[in-house]
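Here the chain labels run A, B, C and D in written order, and each chain numbers its own residues starting at 1.
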Amino acid sequence: MTGSKVTGSKVTTLREAVAEHVRDGMTVALEGFGHLIPFAAGHEIIRQRRRDLTVCRMTPDILTDQLLVAGCVSRLVASFFASGSAGSLHEIRRRVERHDPAPLETEEYSHYGMYCRYEAGAKRLPFQPLLSYVGSDLPELNPRIRAVESPYGEGKVYVVPPLNPDLTIVHAQRADPEGNTQLWGITGAQAPAAYAASAVIVTVEEVVEPEVVRADPNRTLIPAHAVDVVVEVPGGSHPSYAQGCYDRDSAFYREWTPISRDREAALAWIDEWIHGTADHAAYLAKLGRPRWDGLRVAPAPSGSVSYGRRKG
Amino acid sequence: MTGSKVTGSKVTTLREAVAEHVRDGMTVALEGFGHLIPFAAGHEIIRQRRRDLTVCRMTPDILTDQLLVAGCVSRLVASFFASGSAGSLHEIRRRVERHDPAPLETEEYSHYGMYCRYEAGAKRLPFQPLLSYVGSDLPELNPRIRAVESPYGEGKVYVVPPLNPDLTIVHAQRADPEGNTQLWGITGAQAPAAYAASAVIVTVEEVVEPEVVRADPNRTLIPAHAVDVVVEVPGGSHPSYAQGCYDRDSAFYREWTPISRDREAALAWIDEWIHGTADHAAYLAKLGRPRWDGLRVAPAPSGSVSYGRRKG
Amino acid sequence: MTADAHSPDGAAPTAAPSVADGTATDRATGRSTVALSDVPPHSAEFLATVAARELAGRRRVFAGVGLPTLAVDLARRTIDPNVELVYESGVVGAHPEAMAEGIADSVLVSGAEAMLSMDALFGYVLQGGHVDVGFLGAAQVDRIGNINTSVIGDWRRPEVRLPGSGGASDIIASAREIVVVLRRHDPHALPAEVDFCTSPSPARARRQEGFHQPAGAGVTTVITPLGILRRPDRYGELELAAVHPGVTVAEATGNAGWDLRVRADVAETPRPRTEDVRLLREEIDTVRLYLR
Amino acid sequence: MTADAHSPDGAAPTAAPSVADGTATDRATGRSTVALSDVPPHSAEFLATVAARELAGRRRVFAGVGLPTLAVDLARRTIDPNVELVYESGVVGAHPEAMAEGIADSVLVSGAEAMLSMDALFGYVLQGGHVDVGFLGAAQVDRIGNINTSVIGDWRRPEVRLPGSGGASDIIASAREIVVVLRRHDPHALPAEVDFCTSPSPARARRQEGFHQPAGAGVTTVITPLGILRRPDRYGELELAAVHPGVTVAEATGNAGWDLRVRADVAETPRPRTEDVRLLREEIDTVRLYLR
């Protein structure tokens, strides 16, 4: 985001955050690389029936398949068009292969190319070079991938342009009320995607006191000045996971494949599980305690290091 | 570094590490941005009387002034030619202003330009763009700073080439015997400088069990595969500091200014404190317990987070 | 004798001697002790075992989704416990306590030696030249080792929309070499030329004159349900190096999409040991996620 | 009355009303309550106080070495406790428990809101446009706001080798605006044109046609021992906006290296409050590191 933020608590509800910040036609990045995927926020976008979004996600995953089924998305900027371990995303395939029920415009990169677009966006660079694509058909498919001659004489190298979403939404383990956001485990493209965007919503497992964050400043990957809204959404990544909090619901990942293969079944799922629940707490309640208990993980403490205090 | 490393402990002594890896005429990066400066390693280079080194350091600091006094350095690649808070580095100034006792070739960047050189080196990119230098005289002074036309139509932008030292030396709070290196507080250019180099020496306050490192993998900034040698050197950053371990010896920083102003005094200091001590432990012993006690810091725990374990 | 007798506590015998040629000798008795499995060559168990053997002598492995996950897990248990697993999610030096269900599984993170940013993983580790072998899946691999993971048919309106590049076109540029596991061996999977080149061979990259050429050797090995194809020359083509038990050379060449050359020293692939199969089924992929 | 009486517990009165014009009114009594100091305009105490006032209304400050350290510390205590301190070392949202001796001091790290990589600090925070004001020292600032921190004389064999850019030429390109504190006000420190342009003004950058132009407005304010120069127009020149107490306009213009224009509304700089001076001496720079 750019511009100065008002000081003080940025904590609100997910309903209000989405109502205020997500507009039809926007370019929205929902990042989280197989971890901390902002499912709760995506589901709230479905509940509020936003339309014509350009969704940016390195790995579209089930979340994008669901947003597509629900009719929220007209364009997809991504680098992997399948579900991590569980095969095809059939709504995406229907759209692309058969234009059923409508075509889907896609803009395609490799993972590092997509990451470098966020990097260039966050750093306001006109382009970012990378070593990929020499000999690949990807630059022909995607004219945004271009070449630059090195001024040091080693020949041409491919570059990608900045990606600056209108809004980036990420999920993290914790943040303080001003938005200093800490995440660990796989950190994905969250930090550059946040800095690249005009506005940022952070959902977290837990809003913590500033003292908790400030005891370990190296864990803050997205500082408050880059965050507009903080929402506490426990379980907000389900069926994805939050390292140290709960595990991935791999059974759901397997269940989604047959659901998404049948468009009517997928629409019914959206109706029942998203429109049929008032919010993420209701979604989790519908999921049921036994299923949730099965996702719990045993503690594995990082241990504490010292930052030291100067003696008066 | 490139190439595969042998598995197993890489722990050795500083004397052996410098004897094996530092050769006359090499390009050596000694990184640490006002924090974790590898003073002990630099002092050992002085003890072993290496010559004609090209030293790369964003902030040359007292360490480079001392290496120059001791006659180890013929060339300096840097982005700030003074001591952080305590004024001029007089040996550098004598060399540059009066060629006394010999000229010093310098190659000069801004901080981010120098950092981007390490980044490009670590990533084997032919160049890295940045937004600096438009209108500045720096590109005229340094022909390695060049311009590239953006293929997206926003005009030209300056770029810097990769910097790939023969050897990078960094200091950190801890590493395991295989070289998985964890540091916190100001992390400077250590990680890209290590990855950019052909060989890497890591000195640490403490060699710890692999389990300590693996309990908190997000703190590992330099993995074992990028490290050739690990040396345990408690107090290895003095008179710089190690966050959480001991504070900067600011009195020494102030003392160095008059010493370095008088070349004879500086030579005498090198003789007494470096050549006159067998190793860093002897240097610290000469410094004395009371002075060291004055640098101790009170604990400030980061607190522990959980990474979670899947339940069997 | 059974694998259990050989390894009574059920633990994997690590770094067993001469695994690569499919036989082993009991140090105490001097007798051959390895029971071989009869799983069919097209089975995931067979392919994963063959793939695992390719990791002998390789230090750092960039593992993709699917069969490669099985292969690297098996390799760490049977070939070399020091194979270092690197994943595009940023995990370096994984020590998973359970089989990873994908490259972003929490078990890869807990207890890992390093959890890097994706920029450090792709920029420093991969582009920096630290990956010895990249382990990729593919829909198509062609004569000179180009990989297609994007589309079957015309990319403007594809017959099949495949997953796309993911990290593959980044990995092929910078990993020292690439091993591909194919689940099919026919002219569709092994065409003379891919429908779409997601991840190019050095020969194809070289045609783009004036470009900084990638450091990687590209695809050196393709493991199929019929045999093993190798491409020893950086700019050369894939050749038949081995056929699996029960497969003829003619079957392997006849089912390629081009006139597949046969190496003079073409061999028969050693069968998996029963212990390999047991490990895959009973300890590694207990939920049969990849052993489909 | 003394500062102690005004603030009996010795704590800084935060966000005191109308600090900027040097007077304040006690809300309870309606009387003017601020005791003013007579520290000379060239003193570090005076300059730091004037600099601190420049931070009113600014949210995020990129602080350099030296006097800026004093100024931002004082500003947080007297102008706005929510001024967010950003340092090139990667510190964001510092809450130092003691005065920082340099931009890499451990006290800036302990208790900070974030400790970013230098790539994130320079790339995301600075180039990303999040810095409202960059606070720099300089050896020379010229008519249009170019800064020299590199060399005096010919750079091939300089008379004086200055510290060089550090982060300055990065900061000037991307911070919204730059405030410079000069310890001298004479034609050497304020030349018509700098000996060497380390950190350029937008006017000088614009001369490099065809380049992506930096977003920052460049130097908008120069605080000297004689007065305050401002450059309200992005491509314009510095003008005399204020003179310090006891300094004449003629002294300020006569000691510049060019025909320094005087604003019609040229003002007299308000003196520091005794409380400002007390804070600087007794609570901020107790070791007199910068108050030399």
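Here, a residue touches a chain if its C-beta (ideal position, glycine included) is under 8 Å from a C-beta of that chain, and two chains touch if they have at least 3 such contacts.
The UniProt protein names, listed by chain, are A, B = Glutaconate CoA-transferase subunit A; C, D = Glutaconate CoA-transferase subunit B.
Because the structure is predicted, anything quoted here is derived from the model rather than measured.
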Statement: Computed over C-alpha atoms, the centroid farthest from that of chain C is that of chain D
Field: Centre-of-Cα separation between chain D and chain B, whole angstrom
entry: 30
- line: Distance between the CA centroids of chain A and chain B (whole Å) is 36
Message: Just the number, please: Cα centre separation of chain A and chain D in whole Å.
response: 40
Query: Residues of chain A that touch two or more other chains: which are they?
result: 119, 123-126, 130-131, 147, 149-150, 154-155, 157, 184-185, 187, 191-192, 215, 218, 243, 247, 297, 300, 307-310
Field: Junction residues of chain D - those touching two or more other chains
entry: 91, 106, 109-111, 115, 119, 123, 127, 174, 212, 215
Query: If each chain is a dot and touching chains are joined, what shape do you get: line, ring, star, complete or other?
result: other
Field: Pairwise chain contacts, counting only pairs that touch as defined
entry: A-B, A-C, A-D, B-C, B-D
- prompt: How about chain B: which of its residues touch chain A in the complex?
  reply: 123-131, 146-152, 154-155, 157, 159, 161, 173, 184-185, 187, 212, 215-216, 218-219, 243-247, 296-311
Query: Okay, in this complex, where on chain C does chain B touch?
result: 59-60, 82, 84, 91-93, 95, 97-98, 106-107, 109-116, 120, 123-125, 127-130, 132, 174, 212, 215
Statement: chain A contacts chain D in the complex at 2-5, 7, 119, 122-126, 176, 178, 180, 191-192, 195, 210, 213-215, 217-218, 220-221, 223-226, 307-310, 312
- request: Within their complex, state which residues of chain C touch chain A.
  value: 65-66, 88-91, 101-106, 109-111, 115, 117-119, 122-123, 126-127, 146, 150, 155, 157-170, 173-174, 196-202, 204-208, 210-215, 287, 289
Field: Touch list for chain A against partner chain C, complex
entry: 33-35, 59, 78-82, 84-85, 92-93, 96-97, 99, 108-113, 115, 119, 130-138, 141, 147, 149-150, 154-157, 184-189, 191-192, 241, 243, 247-248, 250, 297, 300
